[in-house]
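Paired with subunit B in one complex and with subunit C in the other, subunit A is shared by the two complexes that follow.
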Partner chain A sequence: MQNFIGNLSRRTLFKFSAVAGTLATLGTSASSAFAARVNKKGTGKMTYWNHFTGAPERAAFAETTEAFKKASPAIEADIQTVTNDDWMAKYIASTTAKSGPDAVMIDVTRFTDMLRIGGLRDITTYNKQWPGAASVAGDTPAFSFNRKVYGVPFFTFIDWTYYRKDFFEAAGIKKEPTTMAEFREAAIACTNPSKGQYGFAMRGGSGGGGFIVNALHAYNGSIMSPSFKATLTLDAAVEAMRFWVNLAVKDKAVVPTVATDGYAQIFSNFYQGKAAMVMHHGGSFIDVGKNLKYGSEVMTLARPKGPKDQFGFQAPLANGVFQHTKNPDAAFEYASFLGSPAAQTVFLKGTGYFPTSTAAASDKFIADNRQFDTAIASLASLPKTYTFPGLTAWRDLTCLPEFQKCLIGTQTPEGAAKIIVDRLNVVAKAAATANRKYYSDNRGK
Partner chain B sequence: MTALKKKRPVSYHLVNIGIGFLALFAILPIIWTFYTSLRTNVDINKFPTKFSFSNLSFDAYFGVWRDTNFPMLIKNSLIVSTMTVIISLALGTFAGYALSRSKFRGRQGVLLVYLAIRLVPGVLLLIPMYLFMNRLGLLDSYIGLTLAYTTFTLPATIWLMKGFFDSLPPDLENAARIDGCSRMGAMWRISIPLVLPGLAATGTLTAITAWNDVLFALLLTSSDRTRTWPVGLREMIGEFQLPWEALTATSILSLLPVVIGFALVGRKMVAGITAGSLKD
Partner chain C sequence: MSAKTLAGSPLRGFKSILEGKYFAWILLAPSMILVVAFIFYPLYRGVYLSLTRTVLLEGPDSTFIGLENFRQMFRDSLFLLAAKNTLIFMVVGLITQLAVGLGAAMLLSQDRKYIGLIRVLVVLPWFTPPVVTAYMWRFILDQNSGVLIKMLEGVGISFGPAGLWSNPELAIYAVLFVDLWASYPFFMLFLLAAIQGIPKDMRESTAVDGANSWQHFRYVVLPLISPVIVVSSILGVIHLINSPTLVLLMTNGGPGDSTTVLPLLAFQIAFQSYDFGYSSAISVAVLAAIAGFAMVYIRFAKFGKED
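After this line comes the complex of A and B, so read on.
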């Protein structure tokens, strides 16, 4: 060793110093990178807004909050509810006031609107450091924009159809309908107006606009490109509107009060035996089970396939961090806790909401419950729902009223389709313009 | 007595039958709501529905009391309504008295401004009100909600109270002042006791406005600590549930404070509303 040191030339010494320095720098940065991989533990009060007001959801939130208290005792979580109908008004007000909750629920159909209003915080760094991110990675892109993550997926609503098994047997239907043509035939076969019985409880009142979007997508394929270019053709829209309107107007296979039927009415009709089928998603799973017996009275069925795609969507739901929070660490800790398999399993058992976590999706509750087979099968075939600026306004203020006019005979499916396509083009142009502005405003941020 | 009854014309009985039908028409939905609240959800959803007295229970009422924040929501509503009534009546009575008795330049203008405030739709003020309350740190607080309600109830209170004071002859107060009362003393000892029915009527109308509001309560409160009853009822309707028995039970429960309140001040309120309608 002494010889080695004694024989060191100045050049060799410099070489060793350079290598040692580089290794030291790399080591330091590696150790600091390792340290940064762990999110900072949150402390203090954290307020969370969600729009779930039903008793099963409240109970599930109570249970998960207790579990969160044990997992993160330094955080005092305050879970607050805002009714779904009033959600955007309150969100806009709190974003404008730069004062609101710390964490917020994000429905995927509202994601782009909530992002552009400016109330969602970029959580990409948090998400990268969160060990559970891989488990919900399948749905994370639905809450990402411009390569930035804004939400931790919580669970996903999978569209499906409930049908009365006894009605199908009485009508002699042996094979579950898989296409829209078969769905129509089944609805007609189950219709018997003299008994006050119809094939389908169609939603033509509040919330009915979503089914028009379903029909347009099933006949056209994607109606909006990722760069906000409307891709809905008039021919496809006409076919879609003809199918959906004629099911009520010509086939008379739907409950006659369709034009005013919202969620409460279609499910009342279904429970009361006035309709053989009703379309919804897994969110109503528990409520249906309280009124009808799964297996003997009611079954689930995948949404039918249209000429271009399935008649339905997967709509994930996430939790994000409010832009103006003073406690982002605690907010992300709570949002990521709800994204964990443990919390998602509590919600699955309490509400039937399908988890986004791959670990939670393999829970015994799902494996033992045959009704979820439909959801598992649909996961592979159902497209993700749309989320573009102006979607909800176009859906509820153009699609639904035009459909309702068709039902009462003041509009034709062709006329309605033209207005729907025209308005979608207007919405797409506005969305593209808003998108360019958003990009230019946020360039470099 | 029997002879008297026989003499009554047919029209008398027809009118009574008509009134009976109207009363039934008004009360039947409440009876049906109460009946539904005693049934099970499965029974409610049966078609055709059967009118049966078997399997009736108060389970829904116990469930609402146990599983929701019903007592807290009712308490919050009572606190906010009471505070709104107190502030509105206190300010409205003085303002109404001043506008009734004092003659000053711009008096009509002041009254018109109050009327204009009353005419502005509440929904237009939602966002500004939220921002304002946020700046004051009064979001999600009783006082914030009370002040928001007072903004809308005060103009009506002032107009109503001015009307009641106008109906009193000023000579009564003048006599009291000759006997040594100050203006405030005359108002307190002479005028206020005479407008008590008016105060009761105005207070009841104010309380009903505050009790029934959903719009401002939804926006300005977010926690169960301050949330009022109508918001709680609205939230009870889950997105994907139809708990008819719980909803009807809570509807009946929410009627009770209003019915009790009206029973207590109803007579005074009617007297107040009709005060001054007859000439002496």
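After this line comes the complex of A and C, so read on.
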């Protein structure tokens, strides 16, 4: 050995040193790379905005927050509720001011709008390093754009119908309605105005825009192409509007206050026995069970099939990281915690929201509950929701008012359909223009 | 310290600053900075945005388009409908709130037992947050479960099966009724203070002259409180034009567009369509209307001082 060292020339020694140094550097890099595969643990205060105002949802949030405190004691989570009416106003104000929450809830229909406005942070790297990502990978594309991830899926809204089993039996309905025609027949059969009882509590008031989009999709199929070309035909729009308007105006099978009935009113009517059917999603499952007895009084039912597709959507909801947060580690830690099977199971049992996590979806709560057979069947048949820039404005400021006008008799279904189609064409053109601009502004970023 | 020693000390410079004309500006500076930051700059931004195309979905940049947004405004049938509704809201709201406020002030100006407590109770609606007021009355006037609706039906008054909120002719008046409940104490407080400022012996004098209560009110009270009526009316109008909260929460402009008012339209265009340029143009138009009333207000306030 001594001879060997003694025989080393300076050049050879340098070569050895260089190789050793390179190996050492590679080793350090490798260990760093290994370390980087795990997200950095968050600390400090983390503010989260959600738009849930229902009592069961808030209770479920309280429970998950307690669990998060135990899982991440170094993070102080401040959970804040912003109502849906105020959501975009506050989000825009925060994005413009570059100061707001650390983590935010992302409804899939708002995703493109929230992204374009600039308040969502690219969490692709975080997501890659999060071990739970595979469990929710099925819904992650709904919150991705240009191969970048912006949200961790939390649960899925699965649209379904609740119906009064006792009313159906009294009306002699033996088969659950599966088509639009059967749905109409059932609604008419359950209607008895002298008793103040109607077939359907339709949401024509606040939040009813989504109902119209469901109707248009069921009669037309997709209403917007991926390249932002409006594909809604006038004929389909007229048929969709005629069906639902006539159910209320001609068949009189809908609670007469429909034009202004929002969530609170349709469920109040349903619970009080003024309506035999109400359409909503799994998130009201526990609340319905507190008011009516599953099995004998109330049952869940898959949404009826329209000429082109089933009425309704399966729509995931996610949590993302606010672009201007000073605490992205803690924000992602919270968002990913809500994406974990444990948190999703708490939410499932507290509200009924269907988990996006494959592990949570196999929970006994779902497997042993007959009512959730509807959700499982709907997962295979309900179309997946889609969104485009300007969807929410078109839905809430064009579709809903036009539908309401039909219900109160100041507009015809044909007139409303024409305005809805024309306006969608304008939205599509604006979306295509905005998309080109967005791509060119963000090229290389 | 003598004047001689002061003249030669550094305090001399400080004294000259205190006595100089710039000192007033130094004292005014903090207030002026606040006024510029929180009044003039937002105003300037609002007016500037109204002259641009600023649609957040296309990015945060603004493109100057001159008066195009204002031209669009007068071609927009929804804007014209909202302007008409705003006018109805303003005129009916002002007349009813002033009348009820004046009546309440007259009643509460009398010296009675527990009058202090009654005055506090009567003012309570004004303290209630608009969100609470909106949701509470939305249910009280609900066709299917509203307490007041059921009571009215009991005495033969019905709004039909669709109810108040689904009736495009009546919905705006239902909101006005709720605004009356929430806002009449504002008028009442102003007018009660004015009425209490009238010397009590004036009633005795008019009684001696043979004037009845109505004549005393018409020829003595009303002229004396008229400056307060004018000022409170102008403030009330500013509130009525500029406050979309109740409409937003109770009808959101519906059914259809029947209760859409200008500030609500501006809010929807900004935060649902993300078109801040057009929304700002509507806001500037509303601002111009309010500024007109504000000018009247300032003029009357000055008139009051001269008196």
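The rule we apply is simple: the second predicted complex is superposed on the first by the 412 of 445 C-alpha atoms of A that agree within 3 Å, B and C clash if a C-alpha of one lies under 4 Å from a C-alpha of the other, contacts with A are read in each partner's own complex, and residues count from 1 in each chain.
Just so we're on the same page, a residue touches a chain if its C-beta (ideal position, glycine included) is under 8 Å from a C-beta of that chain, and two chains touch if they have at least 3 such contacts.
Please read these numbers as outputs of a predicted model, since none were measured by experiment.
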| item | value |
| --- | --- |
| Subunit B versus subunit C as contact partner of A:Asp78, first or second or both or neither | first |
| Partner chain in contact with A:Ala259 - subunit B first, subunit C second, else both or neither | second |
| Subunit B versus subunit C as contact partner of A:Ser268, first or second or both or neither | both |
| Which of subunit B and subunit C A:Ala89 touches, first, second, both or neither | both |
| Partner chain(s) touched by A:Ile117 [first = subunit B, second = subunit C, both, neither] | second |
| First, second, both or neither for A:Tyr294, with subunit B first and subunit C second | neither |
| Which of subunit B and subunit C A:Tyr386 touches, first, second, both or neither | neither |
| Doubly contacted subunit A residues - partners subunit C and subunit B | 89, 92, 96, 268, 272, 274 |
| Residue numbers on subunit A that touch subunit C, as the complex places them | 85, 88-89, 92, 96, 113, 116-118, 193, 204-206, 255-260, 265, 268-269, 272, 274, 389-390, 392-393, 396-397, 400-402, 404-405, 407-408, 410-411, 430-431, 433-434, 437-438, 441 |
| Residue ranges of subunit A touching subunit B (in the complex, touch as defined) | 47, 49, 51-57, 59, 78, 80-84, 86, 89-90, 92-94, 96-97, 99, 101, 196, 263-264, 267-268, 271-274, 280, 283-284, 286-287, 290-291 |
| Contacting residues of subunit B [partner subunit A, same complex] | 41-42, 45-47, 67-68, 126-127, 130-131, 134, 139, 218-219, 222-224, 231, 234-243, 246 |
| Subunit A partner contacts - residues on subunit C that touch it in the complex | 55-60, 142-145, 160-163, 165-168, 171, 248-249, 251-258, 267-268, 270-274 |
